[in-house]
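Below, subunit A partners subunit B and then partners subunit C, in two separate complexes.
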Partner chain A sequence: MAHQAHAYHMVDPSPWPLTGAVAALLLTSGTAIWMHFNSMSLMSLGMILLLLTIYQWWRDIIREGTFQGHHTPPVQKGLRYGMILFITSEVFFFLGFFWAFYHSSLAPTPELGGCWPPTGITTLDPFEVPLLNTAVLLASGVTVTWAHHSIMEGQRKQAIQSLTLTILLGFYFTFLQGMEYYEAPFTIADGVYGSTFFVATGFHGLHVIIGSSFLAVCLLRQVQFHFTSKHHFGFEAAAWYWHFVDVVWLFLYISIYWWGS
Partner chain B sequence: MAGRLLLRGCSAAMQLRGTAVVRPVLRTMASSGGIPTDEEQATGLERATLQALKQGKDPYSILKPKHYTGTREDPHIVPSIGNKRLVGCLCEEDNTAIVWFWLHEGEAQRCPSCGSHYKLIHHDLPH
Partner chain C sequence: MSSATLVARRVLAAAASHGAEEAGAKTWKILTFVLAFPGVGVCMANAYMKMQAHGDHQPEFLPYSHLRIRTKKFPWGDGNHSLFHNGHTNALPDGYESSEH
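After this line comes the complex of A and B, so read on.
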């Protein structure tokens, strides 16, 4: 076998970028077809292909890193840069929705009654379930940090317990937010208030679900001894993402739930 | 496949709860807390780089090259897995034109522009 004299990973050819791109095409066009022509086929096909791509691509990365040892220190550094850049792009994504919210709420138009919250909107009390949600996410930030320290200190049982607790708190947030959505006295169709509220908190909720899934995969890997006390970047990436989700919620809570009420 | 993974994960978690009462006599390999170390578990190229760095060696050029003065007594040491390697000399700091030349094994060569000495040293990669 010819050996490389550098520490980087020249990845083997893989079909998953192509299947991912095809899935993205099917999902987007499929959603448009669903909205106009009452057919879910294309969208469902795209969803299935996306899930298959996700599973197999990340399975391959775990094989390359954990089982084959391709993730040398320089490779890991590149992965860190990648995750940071991705989270930064997500920050900009949410920035757009906050812009929309502040654009509408700082100078409310006559159609809204010239006030914010708009006339006729009964807002949610920020000191009830939303405050509990804030406490839940902040606590989950503590437990995920506990999990990280447990891994670094080689404490398997504690790592598993704290990571499980983090995921449970994530589920609790999602459950509570789901209840709030169901019981809310306004809908997404209720003017610009409804739009900004549900799009911003809705995308946040989606990111909570994504973050919980990422942490759940880390739990599975931790149970199966993938992580070492020094090398556990998958977990660190999940923890970074989780902290980002927490910070977005804090901004949502302060802006929309509290100031906007 | 995913089902198998979940099953293995569940059974591992169940075993964990089970052996919590019994003292971990089986866990002789893993460090005392139960999470493996790189020393125990790193494999492949990662293991090779970590082991080499532990011995103060850098066969995969991860670190910045050591600084040499470039005189006849203290030439730039250029490690190579073959018997020649391309060298790019920045004669002065901030130069934008790099002077490229092949460095062959044997006597130290000098940069055609600034005259710094370069010596090829053969080294093997850890397998």
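After this line comes the complex of A and C, so read on.
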């Protein structure tokens, strides 16, 4: 049987990058078709394919790393670089929406009444639910750090408890934000105020859901003994992502909810 | 050595020996229950009380042309309601849907 003379991971051929790309194409074109021709077929197909790709690709990575030992230190270093680069790209993604917000709010046009918030917009009180949301996410940052230290110290039960608390806080944020969306006296169709508000906070909310899912997968893996006190990069990646989501919220809160009110 | 320097050395020594615990799981567990959760609790109480104070307020409807844009129909329902439409607080381009609150 042949053995490799290096510490790197030569990945076996996999269909998931292709199915992922096809899913992306179906989702984008499908959404356009839904908006113009009233058919959800392509978009739904894309969504199903995306979910199948996500499940199977990451299942394979877990198999390769946790069960087959392919994630040696240099490989793990590469994964770290990868996650950092990905989060950096997400920072730029949100930067665009903040640019749009400041572009419109720093020099409000005459059509809006020459002021920000625009005439006729009743903003949300930043010291009500938005402040609670801030406390919830900051608290989840504390609990996820508790979880990390618990894993590093081999404290299995505490790791499970703190990770569960983190996920519950994430759900609570999503629930509160959903309620805010329903109760808000303005909608996405209310000019550039509505557009910037709901697109920026909406994408953030999506990232909270993604982050919560990532943490939930980590919880399942922790329960199933995947993580060791020295090797738990999946969890670290989830925690980094979660802190990023928290920081984006802080910028949203200060810019849109507080300064913009 | 001056007394101020001696005091400073004692404080730093105390901090260093406490830091030997290296901010472990125990520390973050304490922070969770002493700082994080009470903070959330206070904000929950505050939000609840503020909501009770101003209750059901329906903003006055003024038919501004820069709001309630309908350049393109929404791809659901009758195309005239946003995704999180709330009949009580969100007016349609012609006004609120019903006169009841």
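The working rule: the second predicted complex is superposed on the first by the 261 of 261 C-alpha atoms of A that agree within 3 Å, B and C clash if a C-alpha of one lies under 4 Å from a C-alpha of the other, contacts with A are read in each partner's own complex, and residues count from 1 in each chain.
The working rule: a contact is a pair of C-beta atoms (placed from the backbone, for glycine too) under 8 Å apart; a residue touches a chain by one contact, two chains touch by 3 or more.
As the structure is a computational prediction, the values presented were derived from the model and not from experiment.
A.B. asks: Once the two structures are overlaid on subunit A, check if subunit B and subunit C clash or fit side by side.
C.D. replies: Aligned on subunit A, subunit C fits beside subunit B.
A.B. asks: Touching A:Y55 in the superposition: subunit B (first), subunit C (second), both, neither?
C.D. replies: So A:Y55 only meets subunit B here.
A.B. asks: Let me test your reading of the model: by the given contact rule, A:F227 touches which partner, first (subunit B), second (subunit C), both or neither?
C.D. replies: Touch partner of A:F227: subunit B, not subunit C.
A.B. asks: Figure out whether A:G82 sits in contact with subunit B (first) or subunit C (second), or with both, or with neither.
C.D. replies: Neither: A:G82 stays clear of subunit B and subunit C.
A.B. asks: Could you say whether A:I188 touches subunit B, subunit C, both of them, or neither, answering first, second, both or neither?
C.D. replies: second
A.B. asks: Touching A:G96 in the superposition: subunit B (first), subunit C (second), both, neither?
C.D. replies: neither
A.B. asks: Name the chain, either subunit B or subunit C, that contacts more residues of subunit A.
C.D. replies: C
A.B. asks: Given the superposition on chain A, what is the angle at the CA centre of subunit A with arms to the CA centres of subunit B and subunit C, as a multiple of 10 degrees?
C.D. replies: One gets 130 degrees for this angle.
A.B. asks: Which holds for A:P17: it touches subunit B only (first), subunit C only (second), both, or neither?
C.D. replies: So A:P17 meets neither subunit B nor subunit C here.
A.B. asks: After lining up the shared chain so the two structures overlap, which partner does A:E153 touch, if you call subunit B first and subunit C second: first, second, both or neither?
C.D. replies: Touch partners of A:E153: subunit B and subunit C.
A.B. asks: In whole Å, what is the nearest CA distance you get between subunit B and subunit C after the fit?
C.D. replies: So the smallest C-alpha gap separating subunit B from subunit C comes to 12 Å.
A.B. asks: So subunit A touches subunit B in one structure and subunit C in the other; where do those two contact lists coincide?
C.D. replies: Shared contact residues on subunit A: 153, 155.
A.B. asks: Touching residues of subunit C toward subunit A in the complex: what are they?
C.D. replies: It is residues 23-25, 27-29, 31-32, 35-37, 39-40, 42-44, 46-47, 50-51, 59, 62, 64-70, 72, 75, 82-86, 89-90 of subunit C that touch subunit A.
A.B. asks: Which positions of subunit A touch subunit C when the two form their complex?
C.D. replies: 34-35, 38, 111-113, 118-122, 125, 127-129, 131-132, 134-136, 138-139, 142-143, 145-146, 149-150, 152-153, 155, 158, 162, 165, 169, 181-191, 194
A.B. asks: Going by the contact rule set out above, which residues of subunit A touch subunit B in the complex?
C.D. replies: Residues in contact with subunit B: 3-7, 55, 67-74, 151, 153-157, 159-160, 220, 223-225, 227-231.
A.B. asks: Looking at the complex, which residues from subunit B come into contact with subunit A?
C.D. replies: Spelled out, the residues of subunit B in touch with subunit A are 2, 5-6, 8-9, 12-13, 16, 20, 30-38, 40-50, 59-62, 81, 125, 127.
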